[in-house]
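Look for chain A in each of the two complexes below; its partner is chain B in the first and chain C in the second.
On to the complex of A and B.
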């Protein structure tokens, strides 16, 4: 593998607590970042619920995904995007989220998908 | 072309694991290489040697295990996903003081770094969920 650096886009498309998909996608993204890959995240569909602030995951003995989101910065993951349509549909305010994201329109997401070397969506 | 496969589908509840196997068989037959198969989430059940299927149903775990052995394909079950689901090799069994191990011959247990490595090395990564 050596010095190869790929752009890997991880799409978070599932709500945080109904299944482990979102958490495990984040796990895979953090692992890729630890291997110094160019990691990008796109929150889309029910995945934008990960960005809802003030979740109380401990009430259902679930893991707090906000902590994982905070870890992104330590792994130098800065390319974090969210779908404007998914946010609007769910009444989420892009300026008041658990993580600072760049809200982008579907057309910009298409460009992101096209430019990535690999897309992982669980 | 060098493929890496990411399989999250459970072998008996979802079609994905069987479809992935047919994809892998077709790819090898066409002269392509499967760099690595990474089993993640419920896909790790494919690495158990204890799966027993009724006679009229395909034993997807066993078919996958045979395929990987036959073609010397690197097959990894994600360690955190596997341990949670009771898929353990002798080393993990001992380490966690369990009485048995059930990882099938030809399968290995490894971390998500091996998924990253597969993504880096492969020309294409195909996910089967």
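On to the complex of A and C.
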């Protein structure tokens, strides 16, 4: 394999249950990290519901995305951000989430999008 | 080079998606409306928000014609599929905002 390393920003924008989109975006991010890409995550829109604590996915026989979030550190994914507006609109407290994230304002998100080599939003 | 954003939904039905696009885009970026995204051409509030964000607006001609929006289509630069490809190539990256 070559050593081409790119910064790939994944925008997690779908709620964790009801469709597989959120889980598949996380899968893609983990796969990219396994291929030694610089992976960044931005939780945005209903994607911030992935960060809701105390989810019990087995109650609806759904896959547990919270466990996937815990795997991020093992894939060396450390740049994990969330949209302050999306969190606030949904009443989520940035200091009490299922995963430690850096909540960022729109101006910082604009910088993130500009700096990334590519942006994946599924 | 700037970013090409593509949007396939109307702001009326998918307001959160539209608002997040506007929060994430930088003035000077380009927005291409496609599929049901072209309905935003008939939405004065959406057009104003796009203009306020400093985005250059394009729309896919076939999607405009298919939806009978030719009159409203004048609000954007229209492109065909080749034009879409040209836009994708002339921007550093493409960000898809799909409902």
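Observations on the structure shown:
Everything below uses one rule, namely that the second predicted complex is superposed on the first by the 121 of 122 C-alpha atoms of A that agree within 3 Å, B and C clash if a C-alpha of one lies under 4 Å from a C-alpha of the other, contacts with A are read in each partner's own complex, and residues count from 1 in each chain.
We adopt the following convention: a contact is a pair of C-beta atoms (placed from the backbone, for glycine too) under 8 Å apart; a residue touches a chain by one contact, two chains touch by 3 or more.
The model shown is predicted, which means the values in this text are computed figures rather than measured ones.
Once both complexes are superposed on chain A, the partners chain B and chain C fit side by side without clashing.
After overlaying the two complexes on the shared chain, residue contacts for A:24 are found with chain B alone; chain C is out of touch. Within the superposed three-chain model, A:45 lies in touch with chain C and out of touch with chain B [touch as defined at top].
Of the two partner chains placed around the shared chain by superposition, neither chain B nor chain C is touched by A:65. In the superposition on chain A, contact is made by A:110 with chain C only, not with chain B.
When both complexes are overlaid on chain A, the residue A:13 reaches chain C alone and has no touch with chain B. Superposition on the shared chain A places chain B and chain C such that, viewed from the Cα centre of chain A, they span 60 degrees in steps of 10. In the superposition on chain A, A:121 makes contact with both chain B and chain C.
After superposing the two complexes on their shared chain, the closest approach between C-alpha atoms of chain B and chain C is 5 Å. Of the residues of chain A, those at positions 118, 121 touch chain B in one of the two structures and chain C in the other. Looking at the complex, you find that chain A touches chain C at residues 13, 44-46, 83, 85-86, 89, 106, 109-110, 113-114, 116-119, 121. By the touch criterion stated above, chain B contacts chain A in their complex at residues 6, 8, 40-41, 80-81, 111-113, 115-117, 119-121, 125, 127, 129. Remark: chain A residues 1, 4, 6, 8, 20-21, 24, 27-28, 31-32, 34-35, 37, 118, 120-122 touch chain B in the complex. Taken together, the chain C residues at the contact with chain A in this complex read 3, 16-17, 19-20, 23-26, 93-98.
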